[in-house]
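Shared chain: subunit A. Partners: subunit B in the first complex, subunit C in the second.
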Partner chain A sequence: MSSKKIDIKVTDISKGQGILVPIEPVDEIKLPPPYDKLEELPGFKKLTQQALDKYDGYVDGVIAVGVPKPQNEEEEQKLVESFLSGLMKLFSNENNWTFLQPLVLSMEHCAKCQTCNHDCPVYEASGEEEIYRPTYRAEILRRLYFKYVKPGSPLLKKFQYGDIELNWTLISRLVELSYRCTLCRRCAQSCPIGVDNGLITHELRKLFSQEMGIAPKELHEKGTVQQLEVGSSTGMNALVVKDNIEFIDEDMSEKVGFKVETKWDVEGADVLLIHNAGEILSWPENPGAFAILCELAGIKWTLSSEAVGYDGVNYGLFYDDVQLARIVVKHAEIAKKLGVKKIVMGECGHESKVLGIIGERIIGGDVHTENALTFMENIINSGKLNLNPDRNYFPVTLHDPCNLVRIMGVVEPQRRILRKIAPKFREMHPHGVRNYCCGGGSGFAVMSGNNFADWRMHFSGKMKFKQILDAFADEDLNSNSPKYVCAPCSNCKGQIRDILDFYGAKEKSGIYYGGLVELIINAVDDLKEPFIDFDMM
Partner chain B sequence: MPLFEWEEVKIMVDEDGFMENPEEWNERVALALASTEDISELTEDHWKIINYLRDYFKQYGIAPMIRKLCKETGYSLKQIYELFPSGPAKGACKVAGLAKPTGCV
Partner chain C sequence: MILIYILTILTVITFFVAVISKIIRISSAPVHLRWELYPVPHEGGGKAKYGGSRLEEPDWWEKKIHKDSLGELKVMIPEIVFLKGVWEHNKQLWIGSYPFHFSLYLFIVNIALFSIVTILKLLGNDVLFSGNIIGQIIYYAILIFAWTGSVLGIIGTIRLLFSRIVDPNLSKYSSASHYFNIIFIGSLYFTVFLWLISGRDFVADVSNFYYGFITFSTAVEIPTIGYWHIILSLLFIAYLPFTHMSHFFTKYFTYHKVRWEDEPNLPSSKLSKKLMEQLNYPVSWAAPHIGADGTKTWLAIATEIPKKEK
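Here is the complex of A and B:
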């Protein structure tokens, strides 16, 4: 049942104490059989009383962040003051020189045309829930900007831009609301003026983290903080990562019949490969396939065993510029110290964006960066691999990770590869820069506390599942003969795994998922056994 | 963090039911946690997996790779799912008192 009948205004964000709009899964995005019965799906977990007592920020009956309740009025007042101080910093050159200009432009120039709304998969999946409208959250910040930051007569500004009451209710709800957008920036792409609602959400998260110390623990405490302290957001120290890679090497050697051996800390190597460390633990075939690829191509490559150097993730991108800088500087130092020619990022979208766009400028000099997709295409073009596409004779579709494709513009290399190695490759629609997010973007794939995992399935991830099913519409969805969703990004893979589990799509329709490098190695004709083993997936 | 009570066992768990203080784990705690995972009794097969996870965790401070768990205990992933319906990470690790896995896993 849809709750969209509740008429919500921007000013309602500061009003009342309870849940602003209690949401429920709706059936706005129609899925084909056997997935067309909403009532057969696992429901939406209600928040426990313990959670309700502990946290603030009731916007939709979902908790992603868990905003601690202030203990008394004095504390509450301090939080409001700290929000205001953070707001001023967002709009000051010395504190936010990197994003100030696009942020101000996005504040000043939204024409309220609402063109962006239907580009948002969350807004669509919710049956046009007002609080998920891309401009709803943006309008709250916009009114605060005009009221508190922009000079001018208060009365005139109120009349011209609309008023809003700043209080703890608004702030705590806005924290949660800034974690209901995957930062996919599909809306920014469709804006005729160039207003970036994704950026606005990002700036809000920054304010909450950098000024108020509020951030999801999966991204901060267990994410960037753990990565800087232990070496990896997964908790792997150097000893563990070496042990795991040795295990993968042995496994791969057995599989391919020749010795696969990862080398560590090779000075002057052509390539320093930095995987998202989650691959090593959860999808070992992926780093395994990279090792095989580099061996076959005769590349002088290495991994780094220095803390942070073996984990390419940088969750700072999603919520905190300071944490982002700490990690990217560390990656740059490691590459410089080893004197490698370039860093190649593993199949990870946000890592590719951070190192490829931001990191490249910090590293400077002779160290360059390359994303996995162009790196792999160059190897294939070199003719060093003996490829037989018939070894991939099963339906394959391609997911476009937002950071790599829409944001960085890496669109064709992965498609040219698939056209060469996967005879039954078909596109999703829309695709390329018009793709839909997997629903796990901006760190959501690793966030599942309270009932947020349910939200990811019913709201942010539903459009992607529909796209996957539609891509295989010419296949029998009631048969479990293998179909492969190629998702060259760890974060997207985590979300797609959860979606497929949630709908039972592997059992019902034989829908599997994995990266791109695994498909390449599966097409190598010299291997006795297929590299991809669907029974193990 | 919520308090979880089962018979005489009282432990603090996170939002997903993982132990907040893994050092408080004992065999009674394992039974208590198993009760949240649709596991009616802990058989010898369960214990083999739990003990492997505990030993690995003690040595390395995190959960092992799933592939390693399968290879070194001799159970297939399918068998692990039969024993622990939520799977190795969300089910077996929880009962073994490990902290919730972190990062892009």
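Here is the complex of A and C:
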């Protein structure tokens, strides 16, 4: 535990001005050499004076959201009223039918036993910092719920549930705090009562976005709004995306020695493949490998060039049910219009979760969806690929994206694939449904404004880095012979890329990362050259 | 004694009205979006063991859904009987919490046994004192449960109270009612313990009270500590459903209606009709990008193209 810890209580959230708990990197999660020297790592960037003047909500000296400062007392009062009105809506059938029942259950039955605490990678990595305790932000909302939403004698409520002062300081800090949890729901797995602190955080974010219009710009303006307006959260319109894919096709054709051609808007196709469009820009070999896979398997597949249809991203999942609904409805409309048999989601956890389970109760069950891992295993089982595992003769470990594994129960297909194609595959510990989040969950992987990226590296992502190093502990971590972290999720890949860069793990230990489909294509024996080229990664 | 009988009736009514109305309130909430958390123990085909789901199957919608209800029991029983989750994730707490809860279970078993023997007595079979072997077994079982329950309960109470006071992880999050609740439950254990060591025939006393209650007889004699225990127990039973301790039955919902709830939304199913109704709920969220006016429905808002934000 950190030595100079400030003793924080739940009620402190509304007290004082400025930063509640100034945080700094700590050494709670011990890393093996050559990563054991905390002092060699960059610390937290200092906030600029401009940011300090512009924003409120200083809870830990980190800015993820950037809550605009109210100009005067009147505006501040209005914001408090707006929060209260959102609080009421959060507990109403009409406005929050989507999550009301689980939310109320989580509000009313926590035993404050703290059994969930040590399952949280953020709480652990921070040296048990009070404000990151899974129950801390949950308890703030709980007290507000009992104070303002539930009827009853104030005195009795205070006796039963405790009290809290509602003011702008609390609200602005709570906005930031709701973006210090990756919504991984690992803590919820260990709650004996079934209370879900991840859900509570999710609901807080919704209140801020849906009522007060406060959300991180990477998720809102540059995320869902841009996606609905332009077609993709990457900013690519249909023309640009087609151009990029054409380029990828050419590249792939050259690489594999036969023509790889992506088909667009094929009516009645068996499969409408929807990638996270970030792949097209950041990891073009991933959609490229998918195209090769479909060609080799003889699948009648298509991409959609309609706005939103070529981007499976749906950041609404992380902060706003209305934006979530708008995007998932659009995906479903496009699939129906094309008359495809099923949508296959690319290697993207949150996209898979939205189209696979969450969105199902919005769009109806007549649009069939399948996650990429199941889809790929089925192709492998069909025997259409000539696979040679020796082509993947390097150490491989597997990250479990929370949304695909813990939340959807897609656990074994990817493992069965790896056991077939990667002779040096080894598990992380823990793995499967108990694996840790990469630290980029709930949108964090795309959020790097101000000094939030530093927070992601030091706190939310540190446990993952330790797991990766431990998985390769039997290899020489001081040699740069390639080791591969397979992360079948776009956002997880983004976070793992940042962690590996931050620690210099590629240079020091030869740790690379990538998706699963790349490993499959790399194992295809008919290809002249290896698909994965570590020198180019 | 008549007052205690009246209090008993009021307690039973309060308890059931409160529990039933809470069940109605929770179960009449709108159907929520899926929010399951794996492992889901009713997943068939060996998937529950590692946390897999039917989504691991290609074209899962064409296949029959195997729901293994026994799988749920396999998780629920050790969870309820042994507090398995707490044991696995928080052993320090389990040391106090388990005896504390287990004692309550023993007391509940005793309530059931006393109820059975009272009914039998009404039917003319005073099984406890008829000298037959079954009566003897029940008599000693009750006595053993009462002794074990009260002793373990007192140990659990002291341990839990101690942890809540000295462990800042717990004390920071405890309201006055947390301490009150532990002491309240502890008082039930303590009064039974005092009753047991009072030299009276505990089983005879309590069964007389039950029989007296059913027949509304004033000729029942119990010691002062017995009065204390009965009054405290009645107050506790009436109080219980109004606290977070109602998790003893709401846990059904947190598990079965959230954590393990994975019903697919099949076309023309009851579920899809219900969801369609909900999509027609009006929205009044105030942020400009929502574009709500209090009358527009979720369906309208989700399908319209939002106006450009400035």
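Methods note: the second predicted complex is superposed on the first by the 524 of 537 C-alpha atoms of A that agree within 3 Å, B and C clash if a C-alpha of one lies under 4 Å from a C-alpha of the other, contacts with A are read in each partner's own complex, and residues count from 1 in each chain.
The rule we apply is simple: a residue touches a chain if its C-beta (ideal position, glycine included) is under 8 Å from a C-beta of that chain, and two chains touch if they have at least 3 such contacts.
Not measured: the values here are computed from a predicted model.
Once subunit A is used to superpose the two complexes, subunit B occupies space next to subunit C without a clash.
After overlaying the two complexes on the shared chain, residue contacts for A:374 are found with subunit C alone; subunit B is out of touch. Measured by the number of subunit A residues touched, the leading partner among subunit B and subunit C is C.
Within the superposed three-chain model, A:199 lies in touch with subunit C and out of touch with subunit B [touch as defined at top]. In the superposition on chain A, contact is made by A:233 with subunit B only, not with subunit C.
Once the two complexes are overlaid on the shared chain, A:491 sits against subunit B while remaining clear of subunit C. Contact with subunit C, but none with subunit B, is seen for A:356 once the two complexes are overlaid on the shared chain. Within the superposed three-chain model, A:100 lies in touch with subunit C and out of touch with subunit B [touch as defined at top]. Judged by the touch definition given at the top, the superposed model places A:364 against subunit C, while subunit B stays out of reach. An angle of 160 degrees, to the nearest 10, separates subunit B from subunit C at the C-alpha centre of subunit A in the overlay. Minimum C-alpha separation, subunit B to subunit C, in the superposed model: 15 Å.
By the touch criterion stated above, subunit A contacts subunit C in their complex at residues 7, 9-10, 82, 85-86, 89, 93-95, 97-102, 104-106, 108-119, 130, 135, 139, 158-162, 185, 188-196, 199, 209-213, 220-221, 225, 228-229, 322-323, 325-326, 329, 342, 356-358, 360-362, 364-366, 368, 370-371, 373-375, 377-378, 405-413, 432-433. Residue ranges on subunit C touching subunit A, taken from their complex, read 26, 29-40, 43, 47, 50-61, 79, 83, 85-86, 88-90, 93, 97, 168-170, 172-178, 180, 243-247, 250-251, 253-255, 257-259, 262, 264-267, 269, 271-272, 275, 278-279, 281-290, 298, 301-303, 305-306, 308-309. Subunit A makes touch with subunit B in their complex at residues 48, 50-51, 66, 218, 222-223, 226-227, 232-237, 239-240, 243-244, 247-248, 251, 276-282, 284, 311, 313, 348, 445-446, 448-450, 490-491, 494, 536.
Within the complex, the subunit B residues that touch subunit A are 2, 14-16, 60-63, 65-68, 71, 77, 101-105.
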